[in-house]
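Shared between the two complexes below is chain A, which has chain B as its partner in the first and chain C in the second.
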Partner chain A sequence: MTELKLELKEKIIEQLNLEDVSADDIADQDPLFGEGLGLDSIDALELIVMLDKDYGIKLADPKEGRKIFESVETMAAYITANRSA
Partner chain B sequence: MTRPVYINGIGSVSAQKTFDNSVFLEDVTYRSDTIINVISPDYKSYIPPAAARRMAKGIKMSTVSAKTAIQEADLEENKIDAIIVGTGLGCIGDSEKFVRDIIDNNEQYLTPTRFIQSSHNTVAGQLALGMGCKGHNFTYVHSAISFESALLDAKLQLENKEADNILVGGVDELVDHHIDTHRLIEHIKQEPVATMAVLKSGTKGAIFSEGAHFFVLSGEKSHSCHAELVGVSTFNNLSKNQVSEKARSFLEENNLTSDSIDLIILGYNGDVEFDGYYDGLANGLFSNTCQIYYKHLVGEFDTASGFAFWLGNKIIRHHNIPPVLRLNSVEVSEPKLILCYNQYRGENHSFTLLRKC
Partner chain C sequence: MTQELFIASHCHISNNMVSLNGTTVHEQKGTDFVSFAKSAYKKFDIDYSKFFKMDNLSKLAFLAADLLLKDDNIKEKQNIALVFSNRAASLDTDRRHQESISKNDSYFPSPAVFVYTLPNICMGEISIKHKLHSENAFFIFEKFNAQYLHTYTESLILEKKAEKVLCGWTELDGEKYKAFLYVVGKSGIFTHSTHQITRLYQNK
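The block that comes next holds the complex of A and B.
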């Protein structure tokens, strides 16, 4: 799980072009949207594609994303429970 | 009755250190290469990190160049009535990445960011979003006359009082696939050439580069005014022996003759196949006129003539012609009328006329 969290942090930084942010700067429970990393709706789409492409998880209901993408920890938990890739 | 058009602010990001408007080619960078990249300003001091992370290089260069021009014009951003951009290739870097994603992922998993960034009008759109400008927003894509097309649109709108202040510019970025393909077809020189040897290279192709040049054009002359934009004219196809005739008629349309021109800025790029287009003017109609060139310093790209326009404005303001630009030894102490001529590979020719005011 710790490895997956680190992997997610690195992917988020790379795919969302978060300049001057390192994996160490993102705590597992930090909110990804709003006051945390400040991600927005376009980033949410990027993360949905990442789940599908890298972990084989298709989000049938986009509303699910609100909880799944709350933090790196919630993302990692969801991936661990649902991954097929 | 139309009104004059003034250039009240200028901005440049190029392969020379031109982003700082307080200096004028005082510290020239010399290279020996087949491609040259821009000297980047510290983008973070112009663009908030949250906005910058989705910006392609062309958008970053344009944002800095546009902000510099608006700042120099001493204009509030909400006073800009229209944004008009010329670009040969738009944000080609993200276009390439988007297409590569389509191929690599078998048309699946396409993400929005690269798609948003990959259209030609991304730059004009992003500038408008950043400034909150809801006015006319237009992008001209027409190879080597993209910038002049934007300039002509702005000039007509200002003359006819459809707008008071227009941000107009030209931008192109240099990316890997573009370099690879143009190297393959020998539009890029095969061997590196030193900056001051470009004209004498005797080889095919040009040194490729990139840049962003933006200007605030206004119907009213401000205290920051550099020059008046007197005329712009473009031609898609001209033979070598038609260039002088077209230059003469362009000047006649503006009630001028070749003798009236104090300085001519020529777009020589060292391509042995096409530099002859400039020779006709340099050795004929303007042989007794002070001549300068610039692509040895900033390379060739679709909107490289934006640098010539920037240069003309700078020279009128500073009364100074940096020796590194000189083609001949004809002296002129204070240029008042400057003619720019550019073409690329024998196509898309442009004449632009600036006057001290």
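The block that comes next holds the complex of A and C.
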């Protein structure tokens, strides 16, 4: 799980083009949206594509993303429970 | 109805160089556009993290516009219309999107790329950053069209649709790019004429 969290942080930084942010700057429980990393709605869609492309998880309802993408920790837990890739 | 208008300031970006009113203000040779744009962002001390999420056409237009709009002489930001033009529209980003959907077994279009598959998105980025609620238009021409830009700009100001107009050319296709933006208003350095626009466009 720790390895997956680090992997997710690195993917988020690279795929969402977060400038001057390192994996160390993101705590596992930090909120990804709003006051946390300040991600926006397009970033949310990118995360949905990332789940599909890298972990074989298709979100049928984008509203599910609200809970899944709360933090790196919630993402890692969801991926661990549902991954097929 | 007749009123003489002027070009108040102008900015060029091409070949890894930025010039403002004819003076080179930034240069970084030997790097690609993305690295060059990042160096210009840092040099001009711009604080807008969304810059790094933009496509390259938007970065190019954003940098040129930011330099001009930061100018102390420009106060009436709410009334500055945007009138941009180019030849390739958003072709550079269109290609990136097309690549991502070209293989059936690897069909993963990126939403962050797709949203930039229109050239006028760059004006949205500029409007958000500078809180502009003004008229905007993006025209596609075979080549730089000073006559059209002149007529359209004069019309906007003389019909009181805008106090000033930030206008010009923002073209990017791969590593070939050129931005030439200028501000037109009721005062300035050069008379707003097709001749002057063409002359400034050709000067670097």
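One rule holds in what follows: the second predicted complex is superposed on the first by the 85 of 85 C-alpha atoms of A that agree within 3 Å, B and C clash if a C-alpha of one lies under 4 Å from a C-alpha of the other, contacts with A are read in each partner's own complex, and residues count from 1 in each chain.
Operating definition for what follows: a contact is a pair of C-beta atoms (placed from the backbone, for glycine too) under 8 Å apart; a residue touches a chain by one contact, two chains touch by 3 or more.
Given the structure is predicted, the values throughout are model-derived calculations rather than measurements.
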item: Touching partner for A:E19 - first (chain B), second (chain C), both, neither; value: both
item: Which superposed partner A:L45 touches (first chain B, second chain C, both, neither); value: both
item: First (chain B), second (chain C), both or neither touched by A:G56; value: neither
item: Common ground on chain A, meaning residues reached by chain C in one complex and by chain B in the other; value: 16-19, 38, 42, 45-46, 49, 52-53
item: Complex contacts: residues of chain A adjacent to chain C; value: 16-19, 38, 42-43, 45-46, 49, 52-53
item: Residues of chain C that touch chain A when the two form their complex; value: 38, 49, 51-53, 108-112, 115
item: Residues on chain A engaged by chain B in the complex (per definition of touch); value: 15-20, 38, 42, 45-46, 49, 52-53
item: Touching residues (chain side chain B, partner chain A) in the complex; value: 49-50, 52-54, 105, 108-113, 116
